[in-house]
Every structure is written in structure tokens, then in C-alpha cells.
């Protein structure tokens, strides 16, 4: 499966022209058929972040075709920085040296920050698909645009959705406990919860906060500690594989909280979560931005995904694929509005981005002075019959939220 | 072809390089020089004094955090911040060295001791609030400013800083190797008992080796802090970085002066070259590059365990320790 | 007898109950050559190691030129003025012959250049002048023995401890080494304490002989007297033989 | 109060699993004195094998254990015979580089073949737990702990009472002596490395019941195995279990009383103390 989609320009132009005519889509004013926008994508496809990196890469692989249907001609060059900060820098320089007009990436906050500095020096815009560390947009970069919520936004949206869920099911837990991986994302969420929880007058008391080592061999002590705290509501921020182990331990220790909710961390909507837990994966909840499946663009993305990756489920990859595609959409849209492939012009255009119909939930995509998109909304996504299903907000809901969640007994693995 | 003019030739090429090469090769060369420098620093302890340290990322991390914290909270420019950074790292090194030598921990056990201290410190920094814990420590990024003293500026500034550091470390290592202390190290590496019988204070010489090595390595950490402007305990103290530091000197040639430099060039070019080739042929599946990189390491270690430089030096008929 | 340079009193050392050295006392006069002989396992090398600081004595005292050096580290004793060789030669295999001896010479030189000069002189003295740039690992056994002596000499010792340096040498090489050592003793007044089995060398070099057996002194005196002493013969040939 | 019972029980169980996981290293490191830095990677390879076998045969992985142990034995034997043998007696850093290269190849080979997603083996008792008085003991880990003790006992008997075992111990104690009395050290080392890897196969098969197979697991397992083996004592089978339990319980208590993320701080602290004060470990003989 080639990753370097440097297919010859001729083939691409034919594809775009044919798609445009066939779909009868108005191509807009016939732009001069200049060369396609060159997007440099940089992701951790190997190393310890390989699982998330490759999930985002699936979004990159289907983006050119979907974007061409929307009248954007893009050429994609993908590189792997192997979850290693040193390589993030050199590969970013390589992409720019190879003529990339705009960069998209990079999932890992350390790598993203290193890439941001390269882009700033080279005046090439970086559109961040996924990376939560707030500091990235606090360092005064003029060429960095993040269409991804900071951990503070994630937690604020996550906590308010929890309140909405309590109202919708008029069931309110008495005491909650927050258990998180002691890594970048987990620590950022911890900081956000410590700051926001008191201000949002949540209807339950936060009894304790437990940090665990993502490298730990087993999480039985952590779950025992949760059970001992007597909390009937568990908020989790995990890395991909940890969520499975946490739930498994809860089942073994017969700990049955009313709800298990994540304010936006990976883990409880990955395919391995359903494979690993089967029926026990049901009723767990993640509050995070999610694709708005009613939007036509999301449908088209889903069809392209199904065609290209028949064995994978779009619903599960939707978070990484959705945000990665949106980052490329933002870049292509800016290039179209700028009418040029010059990086500075694209950066200028990016500042006035205003995209109404896009994949993920939330208002129009636009960036504030620091390059942060503040209109990203979260949805409550509950696992029902081993499928991530939007249950809140009501207008985007595909089913009603189930809260409190039924006990473990009677569910086969 | 004497060693001297080969080295001077290389230095001249490296000085002129930024004028001719693009940003990507420049970034690669910065990485090459950074790991050549760290390789020379590590080699002082292993190549000269025979002490296998597998936790050298500890000193990189300490150097980075101390210098960055001083800059962030007191605005102390990098070059000044480097002094307390080196002092802290040296104290840590001396502590580990003293414990290790006093309790006669040697060989594999000493290597495991260094790993244990590095991991111990990583977890500590993961929990230290005032350095940002595991969510990282970010330095304010100045845009378009050139201030060499504070290590603020474009990549080409960092290139020349890395070049000066590497050349300086090379000259320092060369003079040390020819000094009284250098002879003591080489004797200890070959046979500690015989060295003692010849009047070498083995404990003090080993402590000196650890001090020099940890101090030099911490300066590499200061460079890292101001080049990347962010640090995460999980990345800067990681076992992977400690391993990355020892690859160049071992593959290049242990106990030689030029080994770490050659090793760093070869390994970095091997890495970037493999990536390029794989992408060219469209086989760039994730992990493929590392498998080839691993195979290359395996072949080199089995065919030429003494390292590439001694083999190359024989070919070019240069003095072995040139 | 010239006033004593080295005095050992009541030296004892045991390994898990086995008394390797048991209350040995002797002294070596300034400028004297004393040989220490005795069957294998008599405790000779252990005695050497106690004096040279490679091992700490369980009991007893060692004084060099009136100063106590008991229990000091090997490098401190070397700096105090005792150079030693090892029974199983321990060269710095990876270093050149010159560097091997320079390491020793640094003990008696202010800076490296001076040490190198000194090393070259000692190497010439021991007929190793032509091989100074070769790695020590490539030397033959006789050359390694000479290298070991050269390194010990280069430290500028008042007292030289030689542990079976003649073992494995052909008679001509043995005589040559004896000639060099005798010359040093005559010319520079170098005091030598040597352990040796090659009686040919002992008889030529030693002014006095000390005999050890089962960790204890059983005889001491001039070479001629000691060789005929019945107790010594018993220790070598075993009691039943008579 | 019962919560402390739970914690300690869980610590003991986890500790025995640690011991099981480190047994292979104790044999290889203890006898062949080679720093097997590819231990974690080989364990994860065994986990993947178990996943493939259990998947294709549709059977409980424990039944495939002998098969996988045999496969790993062959791999270990070949590794020693062709790769490691020339490095016996060579400086540690060369051995380290050799096995580091092997670990890089194995780790990324697995990533290439199986991809990064965690692979899971479903067994019906995966979620059961035994009730022992007030305590809930996780079934899977009880099985693994039992296997650990059985394997350790088997190893002890093998080394103590069989000729081959005694010969291998002779090599460990005095390599030269063993050669002098005519032992074919090359073959014995190859057998030992094979035996060590067979144990890795066994522990990998059981590990896949507790943790899903994913490449990034490897480095953690390697470091943990070294901690357990050093603390427990080299070459001592019981040492690996005792070391494992000591770490398991201390981690559990530290995790519960202080903060779970500080767990491994204690294991590394313990490792430092043991390296300084008793390098031969709790159960090992003075080297």
C-alpha cells in the first residue's frame, strides 16, 4: 500500500476533471488549471503512537479523492516521524524542501511543537489535525492553525455534556472519581478538571483523582482504589490499550459504577476496544467531537473510507479520520480562496477561514488570533451494541443515552 | 593522507556546508552533530575508562531542564544557564559513580544501575509540578530574533553551535586522551589492578571520567532544550534516547576519537537514506525502515565489532587513534 | 647489614580459614637483593600482595623507610616507592608498548612528555627499544615479562618487587635479565625483593634468601647456607624422601 | 481492612506473573551470562504466536502452550548457535549491541506483520474470579501464577536432578572447569538459550490472556524482567518468583497508599538498593 501518493500529476488531473463532470458538481468559476496544492502530512506511523498515527493516515489516504469531488485538487506527500521528536523536525524540513505548500499533522504534542517551529521559520502554515497540549497555540506562532480542541475545551464540553446527560435521564451520581494516565494528555486533562470542576457546579462530588503509569503491567490496584473510594461515577482519560484493561479489571472486581465517561481521550471507541471486551464494551461513554453523520460531506467521507478500507469500520476511526480530513479540507479551502499555492498567501487565507459544512460536530471552522478553532463542540458517544453511537446533543443523536449503565452480569464477552 | 588534514578538510567542508545545502540536509546535519557530540561525551566514560553507561539520557535531561527552568523563570541566557546545568548533572554523575565504585558494582550491573537511575529520575520528573510534570515544559519561542548567547535564532545558528560543540568536544577528548588522566583511563580500561600497581588512583580517575562525561552530556541537553523549546520526561529521559546516544560511538569505534563522529554520520545517513529509498520504491510500510536499520546494526556488530573507524583508518593508512 | 628499607613484622593473611601467610617477619636492607623461595603454595605471592597493597593483611605491619604503609591501596604504595610485577603478567593489551610503560612513568614524572622520555629510557634498558609502537598484545612471553619489569621500573621505585620474572625465559634471556637487574642494583642502588624458582638466577642475584613453607619462614641466610639447610630440602622434596 | 487483603493478594498474583515472565531471562542471563535485551520482544512474539494459534485452531491458548514453547526453543537454540555464540566472553557492550539489533528487528517485524492494534484472545473464563473469603482472585492470573510455580519447580528439578541440568549448572559456575572436564559447552549453551526461550514462549502464551499483544509492550517487559531477575537473584529459579512477588506487592502497596503512577519508582529504587548492597540478589549465591 503505497504511502507516497506522488502519483503523476496527469493521472490526478484526469481523476479530478472526470469526477467534477460526472458528479455534475459546480466546479465554481473555472480556475486556471494550475498545479494541485501540495500538502505535506507528518504522522507517527511507527513507534509507540503507531496505532493513532496509522488511524489518522487512513483519513489522509482517502482525502484527495473526496477533496477533488469538492473541487479541490491536492497532492499529498506523507512521512512517518516514528513518534520521535528528532525525526519530526528533520521530516518536516524534508517535506518543505520537497515543495509542500502546507503541512498537516502530527498527533503527538512534542512532535507537533517541534514541527510548528520549523513551519514558523519557513513561513509554511501547519494545520494541526490532532494535538491537545494548550501550550502549542500559546507560543505566539503566526503559521500554526489548530482545528482540534485544547484539553481545557475538551473537559469543559465533556463536563457540561455529563450534566446534560444527568438531566436527560434524570439520574445523578453521588460521587465521582477521576482516573487518568500520567502522560501529556492525562496530565493536561487533570489540570483542566482541577480548574473547571469547581466552577461548573457539577451535581456530584469529585472524591479523588488517580494517576496511573501507562507502562504498568496491570491496573488491578488502580481499580481496587476506585472501588474503595465508593465512587459511583468514573471519569477516565486513557491511552488506547489501557481502557480495555481498566474495564476488564472492573468486571473482575465486580465494580459497577453508574457510568464510565471519558472527557475526550482515545481508548473507548477504538476497534481493539470492541474486539477486546465484546459485550462489556457497551454503555461506556466518551464525550468528544464526533462526525456529524447527517452532513453530506461526512457521508461522502464514509463512502470513500468503506471503499478504501473494507475491513475497517468508519464509525470507529471517525475521530482521527474526521479531524485529519478536516485539516486537509481547511488547507485546500484556504489555497482555493487565496487562488495560489504560495505558503504565505495560504497562511493569510487560513486566518479568514470560515467553513460551515464540515465533518465534525460544532460551529463553522474559524481560527482566532492564536490560530485556535474555538467552535468545536463535543457530542456524547455511547457504545451501544459494540458501536459508537451519538446520544447527545439531542439534535445529532442517533439513539437515547442509557444511564445508569446495567451491571456486568449477563453480558457475554 | 595524515589524520590531521583529513580532519581539517572535514571541518572546512562542515563550516561551508550551510551556504550550499538546503534546510532539510541542514536539519539532518544538526542531528548528526548533536549525536556525534553526545557520542564523544559518552565515549569518555566507556571508550576511555571502560564504564558502560546505559542511562546517559539522565544527564541530557538534567542539563535541559535546569537551563530551561533558569531561562524561563530568570531569563538566564543559555550559555550562562549551561554552567549550573553542568554542575547539577556532574553532581548526579558523581553520586552514581561514587555509589557504583564504592560498592564494587561493575560491568553489566553498573550498566543496569545507570538504567535504574535514569528511569527513577524520569518518573520523578513525571511527578514534579513546577517543571510541568508529564505534560511537558515549554520555552517561550522568540520569533525572528538572533541572540547566540541565549541560543535564540534560526536553525543555522544551532548548526554552528552544534559544530563548535562537537569540534570542541573532539579537541577536549583528544587532549584528555594524551593527558595524565587520559593515560590513567586507558590503563584502567585495559586492567584496573595493573593500573593501580602502576600508581593510578583508580577510584579518582573513574570519578573524573564520570564527571567529564556527565558535564559534557548535560551541555548537549542544554542544546536540546533551546533547539526544541519543549521537553517531556517521557522523551528526554527515555531509555530510547540513552540507546540512541551509545549507537554512534559503538558502531563508529569505541575508545577512538573519530569513532563517534563517523558513527553518527553513518547511522543518521543510514536512517534517512533507508526512509528515502523505501518511499521511492513505495515500500514505506511503517516499521520497514527500522527492520532494515536493525539488520544493518546486526551486520556491523558481527562483522566489525571494533567499529567502522578502525577499519576505515587502516584502509586510509591513518594512525589508529587519529 | 645496611639499615632496613622495608620491614615486615608478623604478616598474616588467611582465606576462609586457610592460613596462607602466618606471622612472617623479615626486612630488606637499602640496596640489598633478597630472594624469597619456597614450594608452590608457600604463600610467597600472597606475601607480595600484602606488601604491595593488593590485599589487606589480617595482622602484622609493613614499614617502608621507617614509614608504615600497612593496608594502603596499591596506588598509594606505588607512590610511596614500591614498584611490582605480577606473577601472571598483566600488560595493557590494547595500548602500545611505549604507552604501557608511560602509564608507570607518570607516577614519577610531572608531565606526559617527561614520562615518555623516561619510558623510552627504561625500554631501551630492557632491550624493548625497537618495539615501542607495537601493541602489547602482540608481544611474546619473554617480551611481556620485560615489559612488566619496565613498567614497574618506570614508576621510579625505591624497592622493586619481582614475582617469578624469570619463569618461561630461555637461559640466555634469563642471564640477560639478571645482568640488567644486577646493573641497576649496582649502579642505582635499587633494592630488589624477588620471588623466583629459577635457582640459576637466585644464586647469581640474591645476597640473602628467605624460605617460606606453608605460610611460615623456615630459613633465612646466604644463598650457599640456605641451599644446604635440611629444613629447606624437606620442604621441597617432602619428609619421606630421606 | 479487607481492601488491604485484596491489594496484597493482587500484588502476590501480579508478582508471580512477573516471576513467570522473568524465568526465561533468569536462565539465559544466569547461565550464559548474556544480557538478553531482546527478552521483551521475544515474549511479545510468543504472544502473537499464541494469538495466531488460538485464532486459527479456535482453542484456548493454554493448550497451544507446549507448541509455542517448542517453537521458541528452536528459535532460542538457533539464536545462540548462529548469532550469540561468537559473542560469548566478548565485552558486554558488544553483546548488548547484538541483542539490541535483534530486538529492533523483532519489534518492528511484528509491527510490519501485525500492525499496531492490540490483538486479543477471548477465553470464557477471562472475566471470572475466584472467591477466597473476602478476596476476589482473578482467575487468569491464578492460572498464570500456578503455571509460574509449576515451571519454576520443574526447572529446579531439572537443574538439580538431571545430568543435562547439572552440566548446564557446571557451565554457569565455572566455564573453564566445565570445558576441562569435556562438556560440550557450545551445545549446552545452545540448549540453555533454547530452554530460556521456551520459558519465554510459555510465559508469552499466558501473558496474552492478561494483556493484549501489541509491539510497544516489549520494552517494558524487558526492563521489568531485568528488575525481577536482579532482585530475585541470578540463575535461581525461586529467586525469579521471590523477586517478582516482592516487586508485585511493593508496587501494589505503593500504588494504593500513594499514587499508582509512582509504582515503578519503587521497583527501580529497589533495584538500585539491591545492585549496591546485594548484587547477587536475594536468592542468588555470591557470584
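Think of it as A, B, C and D in the order they're written, each chain with its own count starting at 1.
One rule holds for everything that comes next: contacts are C-beta pairs under 8 Å (C-beta built on N, C-alpha and C of every residue); 3 or more make two chains touch, one makes a residue touch a chain.
These numbers were taken from a predicted model, which means no experiment stands behind them.
Summarising the inter-chain layout, the chain whose CA centre lies farthest from the centre of chain C is A.
Set side by side, B-C and A-B show the greater C-beta contact count at A-B. Rounded to whole angstrom units, the spacing between the C-alpha centres of chain B and chain C is 44.
In terms of their C-alpha centroids, the spacing between chain A and chain B amounts to 36 Å. Computed centre separation for the pair chain C/chain D is 50 angstrom, with centres defined by C-alpha atoms. Once the centre of each chain is set as its mean CA position, chain B and chain D turn out to be 32 Å apart.
Multi-chain contact residues, meaning those touching two or more other chains, do not occur anywhere in chain C.
Of all residues in chain A, those touching 2 or more other chains are 46, 50, 53-54, 182, 213, listed in ascending order.
Counting only residues that touch two or more partner chains, chain D has 108, 111, 116, 259, 261-262, 264. Chains that are in contact with each other form these pairs: A-B, A-D, B-C, B-D.
Contact residues of chain B toward chain A in the complex are 22-24, 26-28, 31, 123, 126-127, 133-136, 138, 140-141, 143, 154-155, 228-230, 232, 234-235, 240, 272, 275, 279-280, 282, 284-287, 289-290. By the touch rule above, chain B contacts chain C in their complex via residues 178-180, 183-184, 186-187, 189-191, 193-202, 255.
Of all residues in chain A, those touching chain D in their complex are 46-48, 50-51, 53-54, 182, 210-213, 215-222, 224-225, 228, 240-241, 244-245, 248, 251-254, 270-272, 275-276, 278, 280, 408, 413. Interface of chain C with chain B (complex): residues 52-54, 73-76, 78-79, 84, 86, 90-95, 99, 102-104, 106-107, 111-112, 115, 151-152, 155.
Chain contact summary for the complex, chain D toward chain A: residues 3, 6-7, 10-11, 14, 17-18, 108, 111, 115-120, 122, 124, 126-129, 136, 138-139, 141, 210-212, 214-216, 220, 224, 251-252, 255-256, 259-264.
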